[in-house]
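Here subunit A shows up in two complexes: once beside subunit B, once beside subunit C.
Showing the complex of A and B:
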C-alpha cells in the first residue's frame, strides 16, 4: 500500500491514465454509439491493489468528471449514467477484491465490476430513456461488456505481474 | 480544430452558467415541438462552438430510443408496419425522450470547455489529472504494439517519477 502523503498524487496520476486510455478508446470504431470497451477501467483495477477504498472512489469521481469535461457530456444524462455505473461497479469490485485470490482472480473482479456497472446503466436507460423494450438488447450489451472486461482483466493481471512501476509503488516512494 | 466562435465572446465560466440556464429552460417545458426546436438551436450552438458533430450517432440515438418506445404501444393507433402498431402515445414519448437526450448532450458539448475551472479541492485535483493526462499523452508515440505492457510500463515509470521532480 502506498504512503498516505503519496495517495493523492497516485490517485490523480491514475485519473490522468484513465483519460489517456479514454482517448485511445476513442480511436476504435463503435458498433453502436453508446457501447464502449471500457479501457479506462484498467487504472481502477490497479487502484484496487494500490489504494484504500476512499481513494478508489475519488479516482472514479476524477475519472468520470475528466471524461465529462473532455467529451462535453458533464451536464447530461450520459454523465449521470456513467457515474451510477462506475460507482456501483467500484463498490462491487473493491468488495470482491477482498476475497482471497484462490477463489476469484482479478479477471473475475473485472468482469463482475463491468457486469454490475452495465446492469445499472441498463436499468437507468430502460427507466428513463428507452422503456421496457430495451431489455431485448440487454444480452448483446452485457455480452460485449463481459468480453471486453475479461480482456481488460487479463491485461491487468499480466501488466501487474511484469510492471516495475507497480512494484516501485508497493515499496516506499 | 474548428473555430470556437462562442469562446470569443464568453469565458468558460460564463459559458457554463448560460448553458445551465438554457438547460433549465429546456427541461421546464415538456412539449415535443419546443424540445425539438431547442435541440435544433443547441445543434447550431454546438457547431458555432466548433464541436465535432457526430450526425450519424445522434440520428441513430433518436431512432433507437423512438423504436424501443414503439415496441410498447399505448394510445391511438396511427398506422401499422407489419405486425407493429405505431401508436401516438409511444411515438410522441419516444421522440420526446430522444430529442431530450440529444438536446442535453448538445448543450453540454457547447457549455463545457476544457478550460472550465472547477472551484475547490476537487478543481485542484482535476487540474492535476489533466496535467498527468497531458504528460502521458505526450509519450504515446513510445507505445509499441508488439510490447504493449513493457512500453506502457516505461511510460508510466518515467512520467510518474519525472512529474515528482517538477
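Showing the complex of A and C:
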C-alpha cells in the first residue's frame, strides 16, 4: 500500500507546478480575468493518472489559490468563478478519465474539461456579472479554450509516454 | 487520437462555430454601442460623443465614446485589463471590466427598431 504522505508530497509538488505555470500564463494578455490558456491544467491531467480523486480535488484547491495569489484576485468574487470552473472541469475530467483508455486519451479529457469549465464560467458571467449581451464573448472564449486544451492534452499524452519521472511514480503509487 | 477524442473535439469545435454565428447574427447597416452595468443597459448610436462614469463594486469606471469608437479611459479595478484593452470600433468587438461589472460591445442596429414610441 502507498503511504498517504507520498500522495500528499506529490499533490504539493503538482500544486507548485500549477503555481509556476499560472505565473507563466500571466504573461499572456487576456480580455477578462478568467479567460486563461489553461497551462495550469497540465499538472491536473497528470494527477488524474497518478492520484486518487480526493487528492485531485486538493490539487484543484492549490491551483486556484495559486492563480488567485498571482493575479491578485484571491479576495474578489473572480476567485469564485475560477473555483466553479476548475472544480466542474475536474469532476468532468475525472469521470471521463474512467472510460477505458482504448476509447479516449488525455486529449479528449483535456478538451471536455476545458469546455465544461468554460461554459460554466460563461453562464455565471452572463447571469451574474454582465447580462445577456455578454454572450458575444463566448466565441473568443471557446476558441481559445478548445485550441489550448487540445494542445495541452497532446503534450500531456506525449509527456506521459516518455517521462521517466512519470514511470518512476507509477510503480510505488 | 482515439474515437472519443474526435467526438470531444467535434463537440468543442461545433459549439465554438455556433457561438460565432450567434455573435454575428445581429447585423445591420448602422452600428450601436451597448453598455451594461449593474443590471442596466445603455444604447447609443456609434457616432455619439460622450463620457460616462459607471459605479460598480470596485469603484468608478469611465467610458469614452468618440469618433465612432469606444474605450475605457479609467477604472478603479485592480488588473486594469479593461483600460489596456484599448479602442474598439468594429461590430462584434467588446471590452469587459469584470471586477467592476461593466461590459461594452458594438453591434448592428436592427432595422426599424425604435428607441421608444409615444402615442
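Keep in mind that, in the parts below, the second predicted complex is superposed on the first by the 163 of 173 C-alpha atoms of A that agree within 3 Å, B and C clash if a C-alpha of one lies under 4 Å from a C-alpha of the other, contacts with A are read in each partner's own complex, and residues count from 1 in each chain.
As a working rule, a contact is a pair of C-beta atoms (placed from the backbone, for glycine too) under 8 Å apart; a residue touches a chain by one contact, two chains touch by 3 or more.
All values derive from a computational prediction rather than experimental measurement.
Kindly say whether there is room for both subunit B and subunit C on subunit A in the superposition, answering fit or clash.
clash
With both complexes overlaid on chain A, does A:83 touch subunit B (first), subunit C (second), both or neither?
neither
Considering only the touch criterion stated at the top, classify A:91 as touching first (subunit B), second (subunit C), both, or neither.
neither
Taking the superposition on A as described, I'd like to know which of subunit B and subunit C A:115 touches: first, second, both or neither.
After superposing on A, A:115 lies in contact with subunit C but is clear of subunit B.
Tell me the contact category for A:139 with respect to subunit B and subunit C: first, second, both or neither.
A:139 contacts subunit C only, not subunit B.
Tell me the contact category for A:69 with respect to subunit B and subunit C: first, second, both or neither.
Only subunit B is touched by A:69; subunit C is not.
Applying the touch criterion given at the start, work out whether A:131 contacts subunit B, subunit C, both or neither, answering first, second, both or neither.
The answer is both, since A:131 touches subunit B and subunit C.
Thinking of the overlay built on chain A, is A:151 touched by subunit B (first), by subunit C (second), by both, or by neither?
Neither partner.
Between subunit B (first) and subunit C (second), which, if any, makes contact with A:123: first, second, both or neither?
neither
After superposing on chain A, which of these stretches of subunit B ends up overlapping subunit C: 97-105, 115-123 or 151-159?
97-105
Once the two structures are superposed, pull the subunit A residues common to the subunit B and subunit C interfaces.
Residues common to the subunit A contacts of subunit C and of subunit B are 32-34, 71-73, 76, 78, 129-131, 133-134, 136, listed in rising order.
Okay, in this complex, where on subunit A does subunit C touch?
29-34, 71-73, 76, 78, 96, 99, 101-105, 107-109, 111-112, 114-115, 119, 125, 129-131, 133-139, 141-143, 145-146, 149-150, 153
Mind listing the subunit C positions that touch subunit A in their complex?
Interface residues on the subunit C side: 1-9, 11-13, 15-16, 19-20, 22-23, 34, 36, 39, 41, 78-79, 81, 84-85, 92, 94-96, 98-99, 101, 103, 105, 107.
In their complex, what parts of subunit B are in touch with subunit A?
Subunit B reaches subunit A through residues 19-20, 23, 51, 54, 57, 60-61, 64-65, 68-72, 93-94, 97, 101, 104-105, 107-112, 114, 116, 118, 122, 125-126, 128-137, 140, 148-150, 152-153, 156-157, 159-160, 163-164.
Per the contact definition, I'd like the list of subunit A residues that touch subunit B in the complex.
For subunit A paired with subunit B, touching residues are 8-9, 11-13, 15-20, 23-24, 32-34, 58, 61-62, 65-66, 68-79, 128-134, 136, 155, 158-159, 162-165, 168.
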